[in-house]
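Next come two complexes, and both contain chain A; in the first it sits with chain B, in the second with chain C.
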Partner chain A sequence: MVDKSHTELASLKTDVLEMGYLARDMLDRSLEALESRDVALAGSIEEDKKRISDQDHEIEQKCLRLIALYQPMAKDLRTIAASMKVITNLYRIGRYGKDIAIVVPDLADAPHVGNLVSIPHMGDLVGGMVTDALVAFEREDLAAIHDIVEREEAVDALRYSIFRECLTYMMEDPKNITRCTNYVMIARYLERCGDHACKIAEKVHYMVTGERIEIR
Partner chain B sequence: MVDKSHTELASLKTDVLEMGYLARDMLDRSLEALESRDVALAGSIEEDKKRISDQDHEIEQKCLRLIALYQPMAKDLRTIAASMKVITNLYRIGRYGKDIAIVVPDLADAPHVGNLVSIPHMGDLVGGMVTDALVAFEREDLAAIHDIVEREEAVDALRYSIFRECLTYMMEDPKNITRCTNYVMIARYLERCGDHACKIAEKVHYMVTGERIEIR
Partner chain C sequence: MGESAILETKCLNLWYGQKHALIDISVRIPKNTVTALIGPSGCGKSTLLRCCNRMNDLIDSSRVTGEILFNGNDIHDPRADVYTIREKIGMVFQKPNPFPKSIYDNVAYGPRIHGVSEKKVLDRIVEDSLRGAALWDEVKDRLYEPALALSGGQQQRLCIARCLAVEPEVILMDEPCSALDPIATAKIEDLIIQIAREHTVVIVTHNMQQAARASEYTGFMYLGKLIEFDKTTRIFEDPAEELTENYITGRFG
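On to the complex of A and B.
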């Protein structure tokens, strides 16, 4: 690829990162809205859905254009290929933020059961995984994601413990059932976001080294 | 693109369809295993995870190679771009099949509550959406997916009714809580598979017409 192509590649990466930080922001705000039972904040996330969907489409178009125009090879091609996949993962993370936001109004009419059963903690872990996967993508350096497998396992364990904890609240008092069923779903969404962060890490690994790995 | 490129494009489409039918099969078998509480059948789905992941990677590589080699334009380029996105949706559908299969052992020790609360019916609807999205992709004809929005709405409604029904079973008898929480999750997975079928339909629409639509 010629120099102009490298400018365009850098701009592509900036676009992916911008989309990534929007996805992370949607997730963060949804969890904040959940914790503070803030229906207005939850509603604001719906508006980002169109934006992230547009970014997904525009970046994909840019990738195809770059491939057709410059016929990149080796790492340049892997960067474009990684970008095309990573945006799909980012889109899903943003969507999970929206899914969490959607249930906030149903949960806002009463205090949370059991201090929201570890969901904010799980949210922090997962948010950190997403950010670090983006950092690795930006720097083309695997350092930030070297322990992503362990973090994914911690997230998995947390999801299971939330599930068990919710079961006890539901058994104690049937009034908790609707609320706790929603917590179980949210824990599952967060675990999925962690999974998407791992998928991004896999793509970054492939981009940097040319070697394919399967994290989970 | 020259003639050789069209042969390769046809072969790419065959690969995508093959992956699609594997994804659908993983979903179908997981639901069959769930309904008949067949732990061995559920276990067989785990083995397909590697296969579908390999297909995802190989098809992606093929797409990149075709773009770089032939610099396709217009519909040919859209077909390759659609393929790259569709395989991600298909991969997720297969993964949901695996997610359903994973809980089968936990549910196999006792009969299902409330005739499995409409889950098989929901599975049929969603499976039909996946197949028709693939048919539309194969034939490059939108006929099979003309009513996919209505079907998605029916799936959504069904998910909500399963959720409500499960809540009543959980309130009636705390022994149902673990089991019914799993049903709620499975209904959510199926709704997600329907969502992925819609995303495939969007990509097929773009591939065929060059016009972007947003189904949901």
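On to the complex of A and C.
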């Protein structure tokens, strides 16, 4: 019975990681579609929306079933509690990927302004934060997220810099307003994804150490 | 730990013949709280519990070193009266063990041997004790029926009432629910929490969920040693010792 509960707990972690890599993939592909103005690629992300939503429900149910059947304690309990929170953050990250993909068709008819400002760089930073938070979750080791606060600060600074840069393009030529407003929105989505990565890091920290911390 | 300790052991060691059953146990049991002792079979939890009111005196081969302080006084002091100690530190056992007498006589038994004979006083003690054990409403109309006719859960609450009747300060419970069904268990757990408002309860249990639900402090014992003692929430959410973690998550051996 005990072995069975531990096998199920391991399988729960695998499910969370699978959902995590889907969320990260949705975000990556949306940025790739944006950069290359690939409407078909952007369209494919819409299909993942249902998948990530199903995973969210299935994992939540699995967590509740594990609690009800095995009454887990200590780290086992913390792993389940962390998983239930982490999937909400992952779901939001996946949804932001979808939100970015939605605007790609509107931006696909002309070249990007200012080489898409710093959005690709910001996307790399945020994607790295999400991946490292998942690595920490998988390995139950905080090494991968030790500098997540600094990375989050860098992401915040980039959002502000993108906002100001977009303002200059909009002042230069009002035709840029629609396009640049979308860039500002996308930067905001990416910043939120960075925040969700931090929230995941907080939960992983709790899962590993039992101590609750707040990362900004 | 802020609360004052009602019971305290200092470097307590106990041997049953050659077997070293308790090893250097130092623990402070806070007053008017529920403290649970958990650990695998044979780890010494019941032995520790039985030490607290000198029940181990009844075993010839047992030998104790170290101190057990009750309200600051060593219970092994030659001047200490073992009967007074057992009056102030009562015990409830695994299997309900009412006397083959009426419900009333079971509860009145203790006060009577302590010299209470006036009917009115005894009536009041019996009613108060049965109310305190959440049994009064179920038995008030059949106080003179045999106690053995009650259900297992009721018998266990009767034993708790019998214990309360002599106004103890501490109640030791050795797996009080292991012979009961889940409903009777839930009633006893509620009762334990209620009793702890005015008494100190120390409970030995194999049921970790019970320890988690009913106690404020938990001690984990292993091979005669007290491995960890802390707030229950801490023990079950984030224990300090790996051994405790392994035990409560079932990763033992």
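The rule is simple: the second predicted complex is superposed on the first by the 215 of 216 C-alpha atoms of A that agree within 3 Å, B and C clash if a C-alpha of one lies under 4 Å from a C-alpha of the other, contacts with A are read in each partner's own complex, and residues count from 1 in each chain.
Note that a residue touches a chain if its C-beta (ideal position, glycine included) is under 8 Å from a C-beta of that chain, and two chains touch if they have at least 3 such contacts.
The structure displayed is predicted, hence computed values, not measured ones.
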- Query: Once the shared chain is lined up, is A:72 touching chain B (first), chain C (second), both, or neither of them?
  - Reply: both
- Query: Who wins on chain A residues touched, chain B or chain C?
  - Reply: B
- Message: So in the superposed three-chain picture, is A:57 touching just chain B, just chain C, both, or none of them (first/second/both/neither)?
- Response: first
- Query: Touching A:210 in the superposition: chain B (first), chain C (second), both, neither?
  - Reply: second
- Query: Taking the contacts chain A makes with chain B in one complex and with chain C in the other, which residues are shared?
  - Reply: 71-73, 77
- Would you pull the chain A residues touching chain C in the complex into a rising list? 2, 5-6, 71-78, 209-211
- chain A contact footprint on chain C (complex, rising order): 208-209, 212, 236-239, 244-245, 248-251
- Message: For a test of understanding, state which residues of chain B touch chain A in their complex under the given definition.
- Response: 53, 57, 60, 64, 67-68, 71-73, 77, 80-81, 84-85, 88, 92, 163, 166-167, 170-171, 174, 177-178, 181, 184-185, 188, 212, 214
